[in-house]
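In the part that follows, the structures are each spelled out as structure tokens.
In the two complexes that follow, subunit A is the common piece, with subunit B as its partner first and subunit C second.
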Partner chain A sequence: MRKFLNGPWVLLMPTLIILTCVVLLPLLLSLWTSFTPFKLTKPDTLYRFVGFRNYERLIGDIDFWIAFGRTVLFLAIALNLELVFGLGIALLINKITYGQRTLRTLMMFPMMFSPILVGFQWKYIFNDNIGLMNNFLREFGVIQPIPWLVDGILANVSIMAAEIWSSTSVFAILLLAGLLGIPKDPIEAAKVDGCNSWQVFKNITLPFLMPFVFIAMTIRSLDVARAYDIVQMMTGGGPAKRTELLWTLISRTGYVDAKMGMANAMSYISIFLSIAFTFFFFYKLVEARQRLSYE
Partner chain B sequence: MNKKQINNILIWFSAIVLIILIMTPGLWVVLTAFRPQVDVMAKPAVWIPRNLNLIQFETMLFGGSEGSMGRSPIPVLSYLRNSLIISFTSTFIAVLVGTIGGYGFARHNFKHKNKYFLLIMLTRTIPGISLSLPIFIIFSKIGLIDTHIGIILVFVALNIPFTVWLTDGFFRQIPRAMSEVAMTDGCTKLQAFWHIELPLSRSGIASAGIFAFLISWNEYALVSNLARSTDSKTLTVGLMDFTAQFTINWPGMCALAVFIIIPALILTFMVQKHLVTGLTFGGVKG
Partner chain C sequence: MMLRLFLSLILAVSFFGSFSAKAETELWGDFSGVTLRVKLIGGGQYEGLYNEVIPWWEENTGGKIEIVTQKNHFELDKEIKKDIASGNLDFCVASNHTSFASQYGNIYTDLNNIMPASVLADYTPLILEHSTVDGRLVQMPRHSDVSNLYYQKSLYEDADNKANFKAKYGYDLTPPETWDQVKDQAIFFSNPPDFYGTQYVGKEEAIAGRFYELVIANGGALFDEDYRPIFNSPAGVEALQWFIDLYNAKAVPDGVLNYLWDDTGLGFASGTIAMNLDWAGWAGFFNDPENSKVAGDIGLVRAPMGSGGLRTGWSGSHSFSMTESCPDKEAAASFLWALTSNKAQMIEARGGLSPTRPAIWDAIIAEKKAEGDEFMLMVFETFKMSLAEDAFTPPLIPEWIEFTNVLYPELQAAILGDKSPEDALAIASKKATEIMEDAGYF
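And now, the complex of A and B:
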């Protein structure tokens, strides 16, 4: 008993108990539900086991695969653009000596907005009737209002803009922290030896920055699903499923159509997607960290 | 003009463009909250505000006044109360539990420690909407749907992983020798923690708390499905209420948005410095 009280487990116990009850057990129930034809309107169906039927149907479900593909594509484009813009902004702020702190604080502005607010303000900006975007374009003679949130491609681009606006600062702030921590000696030594600024960036700055890139990616991949809030607010997945992501599809199947069994099967696939993203970047982080300490 | 001056001008020019891109969307919403409906709907657009007023805020808080469109259809005050109760309670519990857990990770070595740490972080990756499905089923069975307790419970679980991550990093910065000295002088382990390690990591715990509060305050995916009525709906869900109406009251919606952003704004400014250090050293030093 004394050993237990002095050990780590008594300290970790509350954390583990709460996470087990509120996350792990529901996930097990979710897994079970995905093997049943459970509908909210018919409670008895929770106890009927149908094996992989839900999953088999999903494999043949074209709507599901379109939403899945769109989600993966959306994340790939958004995360890469956020990284590139974030890196650019960090390098820019790093160059500025006067007013750097103020700029850094201003940069955090989008981080204060909850995803639902981000969705709202961009819904307002892209509104075809009174939005800032169309009002602005009208001043330059574009009289015909552009249907930003109705057209398939434009709607996806608009949502992407909202997503990038809200998350680029995470990358910028963390990468700036990395840039500020880089020792000056190797850079000066390289310049004395005749390296140009691109070579310095590629061979010294970037390897030092890599762990920070992966920290940012890991932190970011933890909450990729917040895109749900933004999409739900801006278009609700519509019009006519043109902006449907995996998460809005799950929400519609589960709560609107009340097909809980099917929704849980989909949600398991989305959970694996999220975990795969996080795992990948965490692994890369550990790798980059090791490489840095060997050199 | 030499090359360096041109360079400087370019840097400042891009910095200004950047600031405009970052600030405009938010400021436009804030401005709209104070403008009359006529100006917002005007075509061609009215760029320079002619008259600003507080009608939207009056309608929202006191249920309508002369000149406004009558009673506010959205019970903002109930939502505000729910948001405050849920966010404060869940933050308090999450910080309490998470700090203890973070201390356990920082001060003890045990088998598969990194795996447990990763497992705790992985619970955070589960999309809110996916987690909401089974919780909805359980809560409707045991009667926790549309209650403060149910939502608080979920938010606590949501906030523990980051609290553990942040406090673990802050505790590891404190040299172990400090509490060891205190313990050779006759302190118990608990006393050493209470008098030495806790005060030293105060700022770290405070930022973890603010961070947890913000996550609770901003959460939408889970609450929107676990809350059904004014008994437990929060402000973020309330914002969505506006879109269910036949014509969207943009200035009113903007006023509610301003209402949601103000606490987040103040808290983020308070925490910004610790947040960056907290998140990065946990990751780089391993």
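And now, the complex of A and C:
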């Protein structure tokens, strides 16, 4: 006991206590609720254990799995497009010799808007009746208004556009940091050896950037749930569930229907999605770093 | 529970400008040192009341009001559900609604035991009945809502419109009496994308409520006596088909399935909608030239009838409740009374909201007559009649909101053509059955 009190455990204790209170206990509580029919408006239901009933129901719930699949697709497309646009912006800004700081600041503006505000803005832009997009298209002869937020594909594209606008700068900033850290020598040596710009980018710049790409991907894959506010503002997951993502479904189940036990069961299933994305990106990050050190 | 002795019950006559309402039982007291924490519905339409009544109550009682939360009703609903779950009910008074109240269990006190009978006698009995959950009066009604049909008058006075409509449909173009006529006229007036015959709220409880009232007007019902869903019926299919037909005919804007109340209100005010079923509270806005392009050109008729010969009349009341955990129930009772008093209701009635006290109906109608405000007079007379003869609440059960959440995506799917109305209602009915089974109704 004395050894324990004098050992490193004593130093770790404050951290362990804080982590237990702030992370572990809420996680355990929410895990417990997923095995109960807990309703917010009926606190007594927190103590009624129903085993895997919520999970069993979810396994047979086609709406949940469609929302799950749509969320995976949304994440995959949005993250990749954000990467492409972010990389493009970072490369362009990296070329600039005058006003780079101002541009970097301007680039971060979309990040400063709250997601709710972004949702409102883009809902207005894509409004079929008074929206900027349809009015703009009308100038070019598109008389019939396009139902951006109603059509199954267009509604998802519209939401993705808002999300990409809002978050591309995260990628751009992280990748720009990577670009600024690339040593100049290999690039200059490659140019002396006769490599063109594409060859320099493909064989030198990109391998150096890959660890930053996967760090950005990991951060964004966890952070992309912020898009909940955007989706909620623009379509609320509708119409007819055409834009339903896990976040809107879980929120409605938990807070509007007050079925927090079921909502937490959904959350625990969706956590596997986050773990899968995070694991994949970390794996790729390690791989990229190893390749870089070999080279 | 009896009120403390120092609480004064005064029978007084209240005056509103130059018009007097009937005698009102007032509920003042000395509440010096008492601070009531309150959670209120926010938004421009609602906050004017607080600006007037809170200082008035504080001045007369010596008590203080601390507004803990002021947000829209759906956000407030979520917050209160979280409060219930955490057991953190550290407020005394909260905004409520007849459609929401039954969800909250026993957190709100039974006002039958708090409010003197003479105070309750000042409110419309039917509205108090709708404010009662499981025999407990848990709300003091603030104002009532029902919808009637606003329309652009000039469209109906236009000679070409009259002639063309008669030639096409075989009957005269007059403000509609039935929902079938609304459909004919909406299709007739529509000229998309510049002008639409009508519109409807297209998501969440809003469209579920509109569907519900049309099912009733068509002679159907949502549930039987045991709360088994029965809306998958000819009346239900007919109601849903009405929404589908208007959407397919482009007689409503394409984005209508994302519309809520602000969208339809602002849409009608923009002058691009011929007819609009909407609440009383919008009347003043619609007729205000600063906000509305149709100001001065608005007609209003009672909500039309469905095929069952009944008028639509989905109704509810905004209200205030007192928590069971409130440590100062006497002060809270006094504040509840003040928030729904003659003075308070007259303030809101002047903004177009429908009072829950019969005396205020008389007073506001007299005031508008004296002012020569023909439009608002028409509004109040129409809504008074509608509330008296057509209004009905949704089922006052805790599962109402959860039920609407399984119903509305299916309605939307049918409107968009993803499913047939029969299939959509069958799926909604199956999900609703599960909800009611889980809740122990059968």
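Operating definition for what follows: the second predicted complex is superposed on the first by the 250 of 295 C-alpha atoms of A that agree within 3 Å, B and C clash if a C-alpha of one lies under 4 Å from a C-alpha of the other, contacts with A are read in each partner's own complex, and residues count from 1 in each chain.
Quick note on the criterion: a contact is a pair of C-beta atoms (placed from the backbone, for glycine too) under 8 Å apart; a residue touches a chain by one contact, two chains touch by 3 or more.
All values derive from a computational prediction rather than experimental measurement.
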Query raised in the report: Between subunit B and subunit C, positioned on subunit A by superposition, is the outcome a clash or a fit?
Result: clash
**Report entry** Superposition-derived comparison: subunit B or subunit C, residues of subunit A touched
**Finding:** B
Requested in this report: Kindly classify A:W122 by the partners it touches after superposition: subunit B alone (first), subunit C alone (second), both, or neither?
Outcome: first
Query raised in the report: Is A:R252 touching the first partner subunit B, the second partner subunit C, both, or neither of them?
Result: second
Query raised in the report: Of the two partner chains, subunit B (first) and subunit C (second), which one does A:K191 touch, if any: first, second, both, or neither?
Result: neither
Query raised in the report: Is A:K284 in contact with subunit B, with subunit C, with both, or with neither (first, second, both, neither)?
Result: neither
Requested in this report: Go through the superposed model and pick first if A:R53 touches only subunit B, second if only subunit C, both, or neither.
Outcome: neither
Requested in this report: Applying the touch criterion given at the start, work out whether A:M260 contacts subunit B, subunit C, both or neither, answering first, second, both or neither.
Outcome: both
Query raised in the report: Thinking only about the overlay and not a real complex, which stretch of subunit C clashes with subunit B: 62-70, 170-178 or 422-430?
Result: 62-70
Query raised in the report: Same subunit A residues contacting subunit B and subunit C, which ones?
Result: 130, 255, 260
**Report entry** Complex contact set, residues of subunit A against subunit C
**Finding:** 37, 40-43, 123, 127-130, 134, 143-145, 147-150, 235-236, 238-241, 252, 255-260
Query - In the complex, subunit B residues that touch subunit A - result: 11-12, 14-15, 18-19, 21-26, 28-29, 32, 40-41, 43-45, 97-98, 100-101, 103-105, 107-108, 110, 116, 118, 120-131, 133-138, 153-154, 156-157, 160-161, 164, 189, 214, 217-221, 224-225, 236, 239-240, 243, 250, 253-254, 257, 260-261, 264-265, 268-269, 272, 276-277, 279-280, 283-284, 286
**Report entry** Interfacial residue positions of subunit C with respect to subunit A in the complex
**Finding:** 74, 77-78, 81-82, 84-85, 87, 103-105, 192-193, 202-204, 253-255, 257-258, 267, 270, 272, 398, 401-402, 405, 408-410, 412-413, 415-416, 418, 438
Query raised in the report: Can you list the subunit A residues touching subunit B in their complex?
Result: 6-12, 14-15, 18-19, 21-24, 26-27, 29-30, 33, 38, 46, 89, 92-93, 95-96, 103, 105-117, 120-122, 124-125, 130, 132, 135-136, 138-139, 165, 169, 173-174, 177-178, 211-212, 214-215, 218-219, 221-226, 228-229, 232-233, 247, 250-251, 254-255, 260, 263-264, 267-268, 270-271, 274-275, 277-279, 282, 285-286, 289
